[in-house]
Amino acid sequence: MAKSNNTEAFGFVLEDVPHLSDYIPHLPTYPDPLQDNPSYSVVKQYYVNEDDTIAQQIVVHKNSPRGIHFRRAGPAQKVYFDSEEVHACIVTCGGLCPGLNTVIRELVCGLYHMYGVHKVVGIQGGYRGFYSRNTVPLTPKVVNDIHKRGGTILGTSYGGHDTSRIVDSIQDRGINQVYILGGYGSQKEAALIFEEIRRRGLKVAVVGIPKTIDSDIPVIDKSIGFDTAVEEAQRAINSAHVEAESAENGIGVVKLMGRWSGFIAMYATLASRDVDCCLIPESPFYMEGPGGLLEFIEKRLKEHGHMVIVIAEGAGQELLSNNLSTMNKQDDDASPDKLLQDVGLWLSKKIKDYFAKSSKMAINLKYIDPTYMIRAIPSNASDNVYCTLLAQSAVHGAMAGYTGFTVGPVNGRNCYIPFHLINEGEKRVVITDRMWARLLSSTHQPSFLT
Amino acid sequence: MAKSNNTEAFGFVLEDVPHLSDYIPHLPTYPDPLQDNPSYSVVKQYYVNEDDTIAQQIVVHKNSPRGIHFRRAGPAQKVYFDSEEVHACIVTCGGLCPGLNTVIRELVCGLYHMYGVHKVVGIQGGYRGFYSRNTVPLTPKVVNDIHKRGGTILGTSYGGHDTSRIVDSIQDRGINQVYILGGYGSQKEAALIFEEIRRRGLKVAVVGIPKTIDSDIPVIDKSIGFDTAVEEAQRAINSAHVEAESAENGIGVVKLMGRWSGFIAMYATLASRDVDCCLIPESPFYMEGPGGLLEFIEKRLKEHGHMVIVIAEGAGQELLSNNLSTMNKQDDDASPDKLLQDVGLWLSKKIKDYFAKSSKMAINLKYIDPTYMIRAIPSNASDNVYCTLLAQSAVHGAMAGYTGFTVGPVNGRNCYIPFHLINEGEKRVVITDRMWARLLSSTHQPSFLT
Amino acid sequence: MAKSNNTEAFGFVLEDVPHLSDYIPHLPTYPDPLQDNPSYSVVKQYYVNEDDTIAQQIVVHKNSPRGIHFRRAGPAQKVYFDSEEVHACIVTCGGLCPGLNTVIRELVCGLYHMYGVHKVVGIQGGYRGFYSRNTVPLTPKVVNDIHKRGGTILGTSYGGHDTSRIVDSIQDRGINQVYILGGYGSQKEAALIFEEIRRRGLKVAVVGIPKTIDSDIPVIDKSIGFDTAVEEAQRAINSAHVEAESAENGIGVVKLMGRWSGFIAMYATLASRDVDCCLIPESPFYMEGPGGLLEFIEKRLKEHGHMVIVIAEGAGQELLSNNLSTMNKQDDDASPDKLLQDVGLWLSKKIKDYFAKSSKMAINLKYIDPTYMIRAIPSNASDNVYCTLLAQSAVHGAMAGYTGFTVGPVNGRNCYIPFHLINEGEKRVVITDRMWARLLSSTHQPSFLT
Amino acid sequence: MAKSNNTEAFGFVLEDVPHLSDYIPHLPTYPDPLQDNPSYSVVKQYYVNEDDTIAQQIVVHKNSPRGIHFRRAGPAQKVYFDSEEVHACIVTCGGLCPGLNTVIRELVCGLYHMYGVHKVVGIQGGYRGFYSRNTVPLTPKVVNDIHKRGGTILGTSYGGHDTSRIVDSIQDRGINQVYILGGYGSQKEAALIFEEIRRRGLKVAVVGIPKTIDSDIPVIDKSIGFDTAVEEAQRAINSAHVEAESAENGIGVVKLMGRWSGFIAMYATLASRDVDCCLIPESPFYMEGPGGLLEFIEKRLKEHGHMVIVIAEGAGQELLSNNLSTMNKQDDDASPDKLLQDVGLWLSKKIKDYFAKSSKMAINLKYIDPTYMIRAIPSNASDNVYCTLLAQSAVHGAMAGYTGFTVGPVNGRNCYIPFHLINEGEKRVVITDRMWARLLSSTHQPSFLT
């Protein structure tokens, strides 16, 4: 397929990704090693057609334009790396989410078993590990059982974005495939690394793997560990419900992840059905006066005797006073995102103060923050399969010579998405549409629109 | 949109579904009650456009034809039932799967809270309950907590397909919306019920909700409880792995659901990574001789000292001798499908006999059949959300006057699919393609092709 | 057996419990209804001998004195209540713990099925429910499934100790068996209720059932829900461990229940093996200087790169400054015990400040408070059996005319223990002996003795 | 304390255990290394008094004899092994149960951390590993995480009882502490090994650690993994209950472990409360005629519409005809115990035949055999602590020079019990007394006594 990031020649727009051959002339190609792989050679057409694309717009009308398409992920008929030549590295950046170890495992096993690549190393402790730590060799034996553990065996950190030192390290170590598991900020840095590598004309494929438990990365359907997180959040909601029910005017408040988008809070609420009010960043609310949250709480307590509130960590940030002591911050991560106040503690205090002041009724509020207990668990079966496909898609893309892309599912199919769409796009948020109406209908909470 | 099941006027083929107005003239319509529902009226464009369709073909090439599309599920701007007029019934048919109670709950709550429908009854014990049992009233209060329990509160059974008695009962009781949760056979009967209702000219919407843990229903992405089943299957595989590892030449055999299609076995294997061989109905295998299963087992035992085999219940049926005692059948279900022999016991015996006869090595085989322990658990969070959307889509469709359709996700979006595509289509099976290659590559098992 | 609370006539000291006949003369007795109960009449000697006692001192030396013994719990050969006459009530007081609903269930089912008692009511919302709320009738059908839910179906609260209004209510309602599930403070109030009832000469049996997740009630082996709590605490410790391991100089801090005694913290630490330091109220520690906690943390981080600290909520209270903002208190319970500061937040801040100030190393601390997620879960199988025996023992004791006692296991056998031993005894604490040495040996933490 | 296995000089009978000094004269002793261990030296009296004994009879009457006592387990003030001299081995024999890996871990860590012993090896694959396999070195690092996995890292097998080859191997390898984890048969072989070692006059301590999930070992309170097994059995019972409830005349049959004793079945039934009938080896039953099981099933189905039956694997063996095909046997273990027929399949067939023949009602029976799914899981927190104490007690005993004993809890305290009491005693069974009456009262099943 001719390079053409924006063409109407196909009947649609193809948002294609960069290729090593774009800036390195006369790159040799090799026959696809999968054709000699007994697992692949027996199945019908194991490779994807170079012309395969995936439509972003899945809801269509008669004669509507076909819109943006992405390159489909999968094994290619010819590859741009000789297996012996490949020296891959893997790095995990930012906060934890379930599934990181599964992706690491499947990158290693995919490179080994599909392509016969035996040089894979791990970068320790996030981006800064490129220039400040030794690498660790990764083999199928080393990673065999790691998918059953939470966290990341490579360690992780925020920051460390020193592009030139990172690319120096890549160049010096002779690494030619870089797999970066990271969220919003880390994908931005991945783009800078790719640009620098292209500037230097290096034959190094840079592949992003979207990692954010908030599921707020643009374009793609959902991110690693999301299903597991929603599942585990049920525990906290159940506990809040039991505590609330067992007390007079009991209120259970559960804070869930979600700095810019409330997907976890919304899905956890829809799955649980024990929640009376779900607050997310995308849908503003206010506390005082008619139609406000406090009035709603009072009303619900009078009707039911108890209630459960789920709040995403990014909800209502605009309401928090800045003089709130930061003493309560329980998290040392250096991420700038984390300058958010703890809205769960704030909300709990506001509610207590209201009822203490009004002296209308004595309440009994219990606040639960299950964040670390959710982030740190191993991924469930569904996420394991998801991570496997993601990792294998990443490997196929790099072997095929694509670079500067993030891999991820669009309408259920893994695609290669150019970095700029991930980084320039707005964060994926809950559009307050049908799904949100569904939630409102299940909680019977007010919309907090004046 | 004009009725047109096969038109190219749109630039694609729309496989549309029947509508009550197709055979009942002059049906009155009513404004959408959702516009007065505070949960819906606050969000942008809560209803779906009548022209919205979903493409079945998601992988496209330049200028490729747009293929088959389905009607998108969702709230319509005008409805064909007055809320007061609706008398809905729900029936569950066939074997258990996780999520039945969630669908029942959400049908009831959806009808009540979205449309103000208050007459909903449950049919007890499957199809035969229409003519042999009393109905039970279903209210939001009754169904409030049932999603936390496995099974179905309505009871279920196989068979009972007496179309005219069923339609008599529907007519006599004044029921005008029929929600049928059932698998392959039950959807076929749902189509017969719809045909008879159309023949009699009754204003009764018939809606199928696909229920089969095997996920073998054509067209749709996956069925209720699939994620939960794959998750729960991990337990059995883990146990088989521990037993096998702790013994000399230990073999763990796990039988999983899947009569015609091996999706559960395949996904459970991919999620677990502890499986050495996965056998599914779609990929034949043979026991004896070079390249056969027994040879592979012997080889794997010599290399690793233990192995785990996962077998779908429908795999290898052609190999089973018919004189196998049926004494071992552990299931009384009257489903004709269930005339399958217990392939897990058969395989276990074959392996034991082989090693006993060859006296090459003493083995230690443990057979685990977790079927009922998987079917009977409550649905997980992911399936709860899936069931919620399915149930609400079903309700929107019936209220909008559509009938004779099954609701289900196509490329991640819920659609209305005409019964004939479900019933005349082939069962959905694992296509032995890239995903199967992925599995072969993870287990390193032979392909058993001569 | 003659009434004799302190006699050496038996070769040991019997700490016997009060009996209704002590202060009500000429009480009629009835033959044991169990002899007509088919479940009991078939087994050998279903009743316990009136002379059966249990030794408190289980470790003995040659010719050592036999020490204190307690009356063994169990069915008696004659009872002091006619089944028709019994009007029992159940009340739950104080904070939640796993197993409350199981005890309620088994009290109700024990009274019904063993003794044919059909008048059982629940007091709602703790002690104050006696005089401010309606009672709720409790039948085997009502309580059938409640043991699968956390919390208490009766609701609970702290305080409400108005002895005369409570006894008035008991007298006015004609209640003659009072089952009180409560902890330290609630058992004290139970004793006052018993005294007032004896003063008024009422034929009312008052039975205490020890409920405190901290397991700090004197004399008895352990309390309801302890096993479940230790099990559930593993989740939080695991998460803390994963978070700590995935970060550079990662520290996971987990706060567990235990105001006066560190049993949960100690057992959870011994069960987990991922803990580097366990801090309990019984074993003082200090922060600064040589041999202090901060020095140990620094040392452990340098050696292992990460560490996990478990702290009981009552540990180190003497170290907390009183000017700590109470804004962080996440609990509204009115229990005076709860004036404890949140030592977990305090400790986390102290550690962060130390490393920030010393600027020797950047740390990454995550604080987890799983308290409510532990308290609110249903009891596990082991606790269910424990609760069943406790409830049945309570019922046997009341039917046999004993009163003013707490029921609980001593060396594995349920006994009746007079209130004064429970209330005047010191709280049960971790004796810093062999078990504590075991813990120190497993964590390799210092003893913090100067 | 003078050696005296049967003396009344103490006021009780002490069933003491052998000591190396009984048959090896002039053995040197060493000061207890724990006194230099910082974890132990800080606590009050870390060692147990040599005179400490534990009473077997805990229920006593006035002036009743004090009966049999056992030597209390724990650290001694002087030891008979120099730490440098110790060469310990660990072997696991027979079937799996939860907790084996925890015991292995704690033996290794106990020897290392408490006594500074660094030579510990594992015998692979059960008794025959002594003479047919290499040993594996065991260090705290190797065993660090094994308690989180089910099974045994050493592997296990039945049989291999070749006493002289085993003792040859012990002697040749210079092993002087032998820790044997095994059940009934394996403890018998341990006794033979001890006798042979004594005959040869070797300074080798032989310690048995009771391992049988059935909890049928005499004298001791319960065995490793029992709590975990009862907990996990709840899953199977829940599933059987859901399946039974969802079908017309649904019957769920669950087979649980228990060849000679029904403890697991009984406790699982008491914990669950969803069971209608529990059948154990100790309480015979009959099928046909008035008062028989089939009549009871029919009655219960008519009343409730469904029922759940739990049957221990050893129950009703006398009823099984010997011509039952052994084809169904799912277990290759060479244990002679395993010649039991599969009573669960037999019972299921009997019930089906009865209702098919009587044609009174169509039933729907589901049979669940969760045996391997229970045996293979990791131990829960409670069992982890239990295993830790057991392992440390074993180590203390061997270091103190005791031999030929099994370690286990008696009335909650770990004791050293001479092999002959374990091996000559009858298997521990459910005495059909108060606990059994409790069960009958909870299930309302008949006693099946004519």
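Just so it is clear, A, B, C and D label the chains in written order, and each chain counts residues from 1 on its own.
Simple rule for what comes next: a contact is a pair of C-beta atoms (placed from the backbone, for glycine too) under 8 Å apart; a residue touches a chain by one contact, two chains touch by 3 or more.
Composition by chain, UniProt nomenclature: A, B, C, D = ATP-dependent 6-phosphofructokinase.
Owing to the predicted nature of the structure, the values given are computational and were not obtained by experimental measurement.
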Shared chain contacts [chain A and chain C, defined touch]: none
Chain A and chain B, separation of their C-alpha mean positions in angstrom: 29
CA centroid of chain B to CA centroid of chain C, Å: 47
Centre-to-centre distance between chain D and chain B (centres being mean Cα positions), rounded to whole Å: 43
Touching two or more other chains - residues of chain D: none
Set of all touching chain pairs, with the criterion as stated earlier: A-B, A-C, B-D, C-D
Chain B residues within the chain A interface of the complex: 9-12, 34, 37-40, 42-46, 48-49, 51-55, 58-64, 66, 69, 72, 74-75, 105, 109, 113-114, 144, 147, 221, 227, 230-231, 233-234, 267-268, 270-273, 380-382, 384-385, 388-389, 392, 411-413, 431-434, 436-438, 440-442, 444, 446-447, 449
Chain A residues within the chain C interface of the complex: 96, 125, 149-152, 155-157, 235-236, 238-240, 242-243, 245-248, 252, 325, 327-328, 330-333, 345, 348-349, 352, 363-370, 372-373, 375-377
